[in-house]
Amino acid sequence: MKAIQEFTKGIIKENPVFVMALGLCPVLAVSTSVQNAIGMGAAATFVLVCSNIFISLLKNFIPSKVRIPCYILVIASFVTIVDMAMEAYVPPLHKSLGIFIPLIVVNCIILGRAEAFASKNGVFKSMLDGLGMGVGFMLAIIVIASIREFLGVGTILDIRILPASYKPMIAAILPPGAFITIGLLMGLLSILQNKKKSKA
Amino acid sequence: MDFSTLFIIIIGSIFVNNFVIHRFLGLCPYIGVSKKMDSAFGMGMAVIFVMTMASTITWLIYTFFLNKATSIFGIDLTFLRTIAFILSIAVLVQFVEMVIKKAAPELYKALGIYLPLITTNCAVLGVSLLNINENYNFIESIVNGAAAGVGFTLVLVLMAGIRERLEYSKVPKSMKGMPISFIVAGCMALAFLGFSGMKF
Amino acid sequence: MKDFIRPTLVLLIICVISGAILAFIYQQTAPLIAENKLKAEEAARRLVLPDAEFFKPVSDSSEVLYYEGYSADSTLVGYIFSCVQYGYSSDVKTIVGLTPELMISAITVVSQAETPGLGANCTKDDFTAQFTGKNPDNIYVDKDGGDIQSLTGATITTRAVTNAIRDAFQKLQDRL
Amino acid sequence: MNLVNVSSSPHLHEQVNVRRVMWTVVIALLPALIAAYLFFGWRSILITILGVVAAVGTEALVQFLTKRPITISDGSAVVTGMLLAFNLPPLTPWWIPVVGSIFAITIGKQIFGGLGYNPVNPALLGRAFLMASWPIQMTTGWATKLANAGVATVSGLKQTLITGGNAQLQNLITSATPLNLAQQIRGDIVAGTAGDSARTIFHQLSSLDYIKELFWGNIGGCIGEVSAAALILGAAILVYKHYIEWRIPIGYIGTVAFLSWMVGGIDGLFSGPILFHIFSGGLILGAFFMATDMVTSPVTKNGRLIFGIGCGLLTVVIRTWGGYPEGVSYSILIMNIATPLIDKLTPQKTFGYRKKSNK
Amino acid sequence: MCAKTFKGGIHPHDYKHFSNHKAIEIFPTPEKLYIPLVQHIGRPAVPIVKVGDEVKKGQKIAEAGGFVSIPMHSPVSGKVTKIGPYPHPTGTIQHAIEIENDGKYDWISELQDDENYYSLSSDKMKERIQEAGICGMGGAGFPTHVKLSPPENRPIDTVILNGVECEPYLTSDHRLMLEHPEEIIEGLRIIMKVLGAKRGYIGIELNKKDVIIIFKQMLRDHKNINVVSCQLRYPQGAEKQLIFAATKRKVPAGGLPMDVGVVVQNVGTAFAIYEALRYHKPLIERITTISGAIVNEPKNLKVPIGTPLSQLLEFCGGTSEDIAKIISGGPMMGFALPDLEAPATKTTSGFVFMGEKEVVDTTEATCLRCGRCVDACPMNLLPSFIADKVKNGQYEEAMKLGILDCIECGSCGYVCPSHIQLVQWIKIGKIEANKLKRQDK
């Protein structure tokens, strides 16, 4: 029961993007298409889960003085693995995500979870936590990417949704669209939360 | 030395492809440290400094240790790029912190609190990676690092100015704080589109 | 002293281990990555010169200038060169195929980061198709009086592609 | 003794309020609208009305939904709608002003709490959004009254240029946006890819006869920027009423004049056609009606001057080296963003302020 | 001749036509007078009479409560009937001495005529001024003898008489200057002698051309005294602005006129000084304007100090419609009063009555940041920013923006299109800022 909570909390209640506002750079940068969003989400989830597992395993071995460099090392290793794997097996995706794959290293979510959760909890829990956070992160990018791709191209996952006569709102897939979309989504979320609070 | 190239790099990194609002790098401090103009300025100065230093050091590391063609080892270690960069940036920040603390306590008072935040500022790692991706030479890398820092500071201070003013306005409750900051960022990004396609 | 040794040691161990793992994975993936790159280039070449079976690079002392494309029976079916020019917001890289008569057989834009929905449309077939059969020595965008129809709202990108091809061709012309 | 009013001093007040200011701006914009009707026909009026209706409707709707007092009668939404429409080509699709106004009012204004709190000019933000989203619709659809005088497009003109024909240049140039044309020609000349006929055209553009046409409005362009004369007439009303102050427009136009003279020419430095740069494009509209927007321009006196100069500088930079032919709206937007900073960096010295004496 | 002025300010309609052609009328002393113990800046005066005491006209009924204070004299002979709280023309409640008129108008001692007053020593002069209970009659009411005793290290070389009267409606100074120019010039000469000043100026706004002409003529023989004709601009009559117009000297921010060697006195004060020196006459009456569009007969009155407003209004024929606003002083800086009970004091230059139509709407709209207040501020402050800071309780920030330099002239509030009560906010902020300042010390 409790283990499931470790997983689900990351998806809604402690959603790393919308609630905790972490790891925003890749969220905004790669959410121009749902495909990119899934790729980025998957990569980040992989790194999150692996680094959480390893750090949880090594937590007694790592002296607290050098824990941050150690975490960074572990994370950077996994990021490099993902980077190479993607380049080898899905080159187009690797190309469109660009430098944001190596930049997963400095994604605050991952270091944050390592420091706040994995270094204090068991392996299984840490894995679930990492998975939950990763999925939450992925869902958040997908939501934003869906909106942006829908408005900015008229498609979702390259499947045309709006008729071809739709004149796409290109601004949605440009940087301003990213900022405004996430701003409005966060506002919407806080409206919902306020409603929930006033009900409770 | 080709000055026009440098000039283009400077204008490009400050205005045309501003790190924050076009490349989505360094968003966390952009949103987090932009409540007050003074702290925004302090953060900006620290970032300019670290970015310039990081560009220098990572370029040297890449050229002399990692890249096969120019390396002193003569082997291809580019796969260690991410790890090497992030570690050297972390060490650099630590080192800078120590030096400033000893040599210029006044400066430390002003910048000290921002320095640790910079390690996880993806703009620093981002500029290092971009320098490599763009095949910049040594001078170009340094200039690009400094210009990117200046661009970052510019938008950070502008953002802080607007947010200080927003303190006095009647932003709807649900939009207060982060959501409205993103909307402002969106407005800035729209305005900065005016620089796009700039050619000299 | 002990306080100092243990952390350093741990850090070192982790460094070595991760370095080793990465080196291993790198060895596994590096050939794949190289192959991917070759494949991609090859695919682009095939796209602009469909008749060719294999390609032969023709190089200067230091760099590859162009490729010659041969059919299965080793007859020359055309040339391929790549060219690049800065467009609206990025370098636009194009690969061009030429018939032996030095007319364009096809082009493809392999890398660009132009404005989505505008300049980025230069990768679309509607746009690239119009180059086929033209004389690369004399292509101009319609706004410059030529017959290359410019992308709506993206004259600069169109011009970058067109002029890049013309310039590169004019430089190569004597060697072909 | 009935209850009397005991408010604080002053007990006299100038006959001025937000509503009066805004509606005066609307009136001041009317001459330009009439000019647009004369030169571009009824469609320019339709586009303007669509923009205004959408802006006012959106404002009312948003205020109704957020349970705030509905303030559409203060005229500020009308001004936004008008200014937005004034920045559009007259033949743009009907939904462009509607979408632009909706964006301008919601994201540009109401989300910050309504009039007085918006950091950037909503109309310009709306335009920037439209420009980013539908650049094709925003940069085509120019109308011109003299279309029958010859080939009425820039491309046609350029064609003539390349083939070297110089006939009837005067009529040809009365097409599309002259600024756009001048920039293209200038770019080619500076790059050395244009012939003598290009130089001729450039000189034609900067000739006094042509500038007269520019001044009265016999040119292609956005709805609101067509006639400099009509705009100046409207601006005169605002200046007379003291609703706008000299520092921003003068600083702006002065800077553009100087810098375009310096770098805007084809014969090296200090050869630019000043009057051409002032009267073409949206400079007059921007300098008098958009840069002077009270809410988004600095409050301090020096700040206003800096704001104007900054707008001018950016306008010339974008016009000369930028990807867009016209830099007015972007430069004002960017300076809007810098406004709080300018205000902060230009504190006013209190009357009698002295540096701390050494006592 | 070029009219002088300052930077900033506004041009309100002056509304002086109601009363500027009306000669000063003497208001008959009423049945009861209420003499507030605070009519000036500084410590309240201390009563030296008891309820039931008989007093003569000109008798001292209250002593100065300190150096920065003035004594009060009875404007009438009669009986002290009450000493207690009473409405005050600042809109507050202050202690006042109530005197019932016995109708005899007996002076405590007959007025003397001391023709040699000018040969008195400057200390003697100052003493006589102090005894006469004179304070600045322009509005603030700073005790005059204090102003005439600058510290050693602040030599005064210039005296400026303030006859600008830039507040709309008010014409009391105008009429006084028109009807008693000689006395005013004498008063100025006395002040100059007391201070040892070499130059004298009389600042008059251009809407009083008749006065300017008279003074120019009369001052032909006085080489060291000049008339400064000032442009019509509010607040031309504010000390610092007048000093700038006359001498081009800028009083340092936070400083006093004496820092630039200048003392400014109201023309009414000069007149009172002359009367005190020549006739030993205490300050027991003054000229006051009763005006407003709804007042049936606007007048300039010579009023005994302590006369209740209701009687003054009655004397002016009442109002033609319901009173919506009563203002003590001018409409730009005066206080709105809740009723007609307050008496005229030494600083009351006039009362203005407004009807429903003239009262401005005071509902605040959002600040448009139009900067009109900045253009209007004669002190070159940023009123809207200061008000914002005060609204948010950031008093230190407000101090950095110079809130304490505000002269509360009301120009900003006058021009604000959003009808923001800038002066009110600044007044609130000043109280808090002063508290902070004291804490720092």
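Just so it is clear, A, B, C, D and E label the chains in written order, and each chain counts residues from 1 on its own.
The rule is simple: a contact is a pair of C-beta atoms (placed from the backbone, for glycine too) under 8 Å apart; a residue touches a chain by one contact, two chains touch by 3 or more.
Given the structure is predicted, the values throughout are model-derived calculations rather than measurements.
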item: Smallest number of contact steps required from chain C to reach chain E; value: 2
item: For chain A and chain E, chains touching each; value: B, D
item: Innermost chain by mean C-alpha position; value: D
item: Most distant chain from chain E, judged by the mean position of its C-alpha atoms; value: C
item: Rounded Å distance, chain D centre to chain E centre (Cα mean); value: 50
item: Centre-to-centre distance between chain B and chain A (centres being mean Cα positions), rounded to whole Å; value: 22
item: Intercentroid distance (Cα basis), chain C paired with chain A, Å; value: 32
item: Whole-Å separation of chain centres (CA-atom averages), chain B against chain E; value: 61
item: Multi-chain contact residues (two or more partners), chain E; value: 366
item: Chain D, residues touching no fewer than two other chains; value: 107, 113-114, 116-117, 129, 132, 135, 323, 343
item: Interface hub residues of chain C, defined as touching at least two other chains; value: 18, 22, 25-26, 30, 88-89, 115, 118, 156
item: Touching pairs - complete list by chain label; value: A-B, A-C, A-D, B-C, B-D, B-E, C-D, D-E
item: Residue numbers on chain A that touch chain C, as the complex places them; value: 32, 58, 61-63, 65-66, 69-70, 73-74, 76-77, 80-81, 84-85, 87-89, 91, 152-153, 168, 170, 173-174
item: In the complex with chain C, residue positions of chain B that touch it; value: 16-17, 79-80, 83, 196-197, 199
item: Residues of chain B that touch chain A when the two form their complex; value: 21-28, 31, 79-83, 86-87, 90, 119-122, 124-126, 129-130, 133, 172-175, 178-183, 185-187, 189-190, 193
item: Chain D residues within the chain A interface of the complex; value: 107, 129, 132-135, 137
item: Touching residues on chain E, where the partner in the complex is chain B; value: 366, 388, 391-392
